[in-house]
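Multiple structures follow.
Presented sequentially are two complexes of chain A, the first with chain B as partner and the second with chain C.
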Partner chain A sequence: MDKYIEMIRIRFLMMLAYRTNYYTGILIYSINIGAYYFLWSAIYSDKPSIQGMSIEQMTTYVAVSWMARAFYFNNIDREIAMEIKEGKVAVELIRPYSYLGMKTMQGLGEGIFRLLFLSLPGMIIVIFLFPLHFSTNVSTWIYFALSITLSFIINSELNLLAGVVTFFTLNNEGLLRAKRFIIDLFSGLILPISFYPAWAQEVMKYFPFQGISYIPSMIVTESFQGQAVIDGLLFQLVWSVMLLIPIRLLWRAAKKQLVIQGG
Partner chain B sequence: MFYVSVFFQYMAQYIKTKLQYRTDLIVEFVSDLMFQAVNLIFILVVFGHTQLLHGWTRDEILFIYGFFLVPYAVFGAFFNIWDFNERYIVRGEMDRVLTRPVHSLFQIILERMELESLLGGVTGIIIMIYASARLHLVFHWYDVLVFIVFVLGGALVYAGVFISLATISFWSDARSSIMPMMYNISNYGRYPIDIYNRFIRYILTWILPFAFVGVYPSAYFLGKTEWYGYAFLTPVMGLIFFIIAVFLWNAGVKRYRGAGN
Partner chain C sequence: MVNAIEVEKLRKEFKSYSSRAGLIGAFRDLFTRNYKIIRAVNDISFTVKQGEMVGYIGENGAGKSTTIKMLTGILTPTSGKVIVNGMIPHKEREAFVRTIGVVFGQRSQLWWDIAVQESFRLLKKVYRVSDRDYKEHMEHVIDTLDIGPLLDKPVRKLSLGQRMRCELAAALIHNPPLLFLDEPTIGLDVLVKLKIRKFLKEINEKYNTTILLTTHDISDIEALCERVIMLDEGKIIYDGSLQRLKANWGEGKQLQFTFANEIRLDALYALTNGLPVKWRKGEQANAWVAHVSPSLVPEVISRVVSGYDIQDMNINEISTEEIIRNIYEEGVVHG
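Let's look at the complex of A and B:
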């Protein structure tokens, strides 16, 4: 366990060395939030609510979604693909730790860094710029913390899956881009799932994507109440456990058929 | 004339290398299409809940988005200058470029050409045809010329802004993330300018004139007479910003000292 915590720490310190890169990150996220804020204001214009969400809830939803993204987002899929391409994975595999576990921990180190140096200061700036509304209910925040942890787990598991596929295809740029597209669209980052037509919502129930962004953002804006919060968290929990199965299976098969290119 | 023949020779080479890796090419096509689909789906879903966006209908917004894709595709095909700092300054590649008897900016544009981006323009035109059919827009023969001029104007606005940013590398060699920031700002130009507040409207018109890539020129085709003045400024703004960029570039090249060995 110690070595995994050490890995989180090292990655965190590594990011800290390049922290100036993240000041512009705050600006970029604020610019994106601004774009959607104006769009949604125009969409709402005189409507008090759409799909049960008021304009304040929607603005807060957009802001939280982007800032949460800084936490759960990582590039471990690309890192794995890169290490396979360069043959570095051979060295990684003989080291006394679980390769995938280590990748996840590196992702977590990055996530914690961005949470502290991008999301939190970013949130403070955004609160001054746009009319956001946050709940003062402690339980909402506890549920949100739980939910966002599960977001990280689900997103990382999907990244691991996409990364491990590289063991079989060697070059899977296409798959990585497709994954990014699907997550942008169906995680709820740019549009709450409840805005999609009913048939699309029905289909999305069978995929883990809304566990990444939609559920935590709905919880923190209190658009989910009572049972819906519990259902949302259960949905995330079930998927974060279920996704372990394909990862295990693929990983076992991948190790058998690993080809080191150069290295 | 010499420049034209250089252009076609680079293009021929480019097509040869691309056809070597056909699967990569298809992957790029498909992922470009997906990128365009995200915004399209956003517009379609949103208009499931509202009829008007600040007085603009769904089909008008689609038309603006379709138009935006065309100059953006031209820009993406010829002005891949976002990694200029890493690629040319840090690695010292600029030295090689400067020893050749063709203008340095022209060479870099040719070397970094990505013609497959033009496919996005085709998607854009399809979206525009769909939207204008639903809006019953009437076009005249000269509208084709206006369209070409506006597309070039929009692409030059983009090119001007991004080349100007790239020239910063001549003065300071620190890595900066201004480029990705600018890409995000440029997204504001895809939607009607009147949904933003005064301050942002001013910036998008005169400082970082991304509104001239999407909404202003589209207003002409949509017959929104109140925006005609801005629409016809599109080629002018494009030229002004591009000339400023070339001027900055030439000044920068004079200062260039070389970082490689």
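Let's look at the complex of A and C:
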């Protein structure tokens, strides 16, 4: 376990080496939130609520979704793809640790860094600019913390899956791009799932995407109440366990298939 | 004596895709692709004893790196048996890699953006090296390789020679009984090379570390290895002592003549008619090299000198490099 914690620390150090990137990150995320705030204000105009969400809840939903994204979002799919493309994966495989486990820990290191240096300062800026409403209920925040941890796990698992596919295709830039877009769209980052047509909501119950953004954001805005919170967390938990199966299978096949490029 | 490496009938095949020519060919490639099976390593067998230093040589693409990758558990062999340090590398990867150290000359295993000591610290945790062992062992390594002043610099700011010494130290953090070095001296200057060789000899003597070394620099092999394994097109073409290789191939001398005028090969053979001499073109204009046994040297010289105008002449021992070049060209080992 020690080595995994050490890896989080190392990633943290690496992020610090390029910290200026994050000041621009804060700006970009704030602009995104601003744009969605004005869009939603226009849509709500004088309606008190749409689909059971008030404008205040919606603005908070958007702000929290983006800030949570900073935590669960990582580039480990791209990193795996690159390490395979450049043959660096050879070096990873001569170390006594699980390659995918280590990658996940690097993602976590990155996530914690962004949470502290991007989400928190970003949130403070956003609170002053827009009318947000945060719950003072401690249990909501505990559920939220649980929920974004599971978001991170689900998103990282999808990234690992997409990354490992590179072992077979050797170049899957297109797939990675498509995956990122699908996650932004179907996770509820751009539009809450409850706004989708009924049939689409039904279909999306069978995919893990809403476990990434929709569920934690609904929990923190208290749009989910009581049993809905528990159901949401269970949905996330089930997916985070279930996704381990294809990862295992694919990884086992990938090791047999492995070709180290470039000598 | 325990065998560090046992390899029997080891084989690795790759699928190699070839693209069809032209636009229509490219469209056809979208649906079905031509491929052929390439055998990178073809049924090789050898054993290496604990404490041996073995040079593993061959031309580019001969299958050296593929073998090393199977021996280190990175690649799964197509068929055959590999046992290294008593384990099957690709089956028990995580336990196995604790017992080996690897340096890939062309890839860094240190983290690019952080200080060298942070990499060391992480590796120390990864290999679960105790503080005491680390201090005792690594202080010596850091001292000998003279990398103390580099420890707080990020890897990207190091020169190639500095980085290579740090890589070597990183591969030795857990003091492994077996060390794989894949072209460790590539692109290094003479001084750094010497330092690295001296260091490798030292750890071999001190800890009885087995070392398997691939290189294109024959002087590395001459300085370190008593035994060489030579690979060509996936097959072992020579496995034995460097001495024997030299004795069988390196007998005789090389006479290099620079003639005043242009001269043809058949004229030279006519000149040395009746003597077992092999002529080949030298590197400079009008230079020719004769390969002769030592007893014939005076005879050949006198015939050449009396027959033609000579500008310059040299008598050389045949170098190992020359021997290996000859073997590559002919593809077999005699004797």
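A few points about this structure:
The working rule: the second predicted complex is superposed on the first by the 262 of 263 C-alpha atoms of A that agree within 3 Å, B and C clash if a C-alpha of one lies under 4 Å from a C-alpha of the other, contacts with A are read in each partner's own complex, and residues count from 1 in each chain.
Basically, a contact is a pair of C-beta atoms (placed from the backbone, for glycine too) under 8 Å apart; a residue touches a chain by one contact, two chains touch by 3 or more.
Owing to the predicted nature of the structure, the values given are computational and were not obtained by experimental measurement.
Legend: residue contacts after superposition of the two complexes on their common chain; A:10 is shown touching chain C, with no touch to chain B.
Contact with neither chain B nor chain C is seen for A:203 once the two complexes are overlaid on the shared chain.
Of the two partner chains, chain C is the only one touched by A:255; chain B is not. Contacts of A:244 after superposition on the shared chain: neither chain B nor chain C is touched. In the superposition on chain A, A:230 makes contact with neither chain B nor chain C. With both structures placed on the common chain, the touch criterion links A:28 to chain B but leaves chain C unconnected.
When the two structures are aligned on the shared chain, A:184 is found in touch with chain B, with no touch to chain C. Applying the stated contact rule after C-alpha superposition, one finds that A:142 touches neither chain B nor chain C.
Against chain C, the residues of chain A that register as touching in their complex are 2-3, 6-7, 10, 13-14, 17-18, 87-88, 90-91, 93-98, 255-256, 258-260, 262-263.
Residues 24, 27, 30-31, 34-35, 37-38, 41-42, 45-46, 48-50, 52-54, 175-178, 180-181, 184-185, 187-188, 191-192, 195-197, 200 of chain B touch chain A in their complex. Only residues 21, 24-25, 27-28, 31-32, 34-35, 38-39, 41-45, 47, 50-51, 173-174, 177-178, 181, 184-185, 190-191, 195-197 of chain A touch chain B when the two sit together in their complex. The part of chain C that touches chain A in the complex is made up of residues 14, 65, 69, 72-76, 90, 93-95, 97-98, 100, 102, 104, 106-109, 111, 113-114, 118, 121-122, 125-128, 154.
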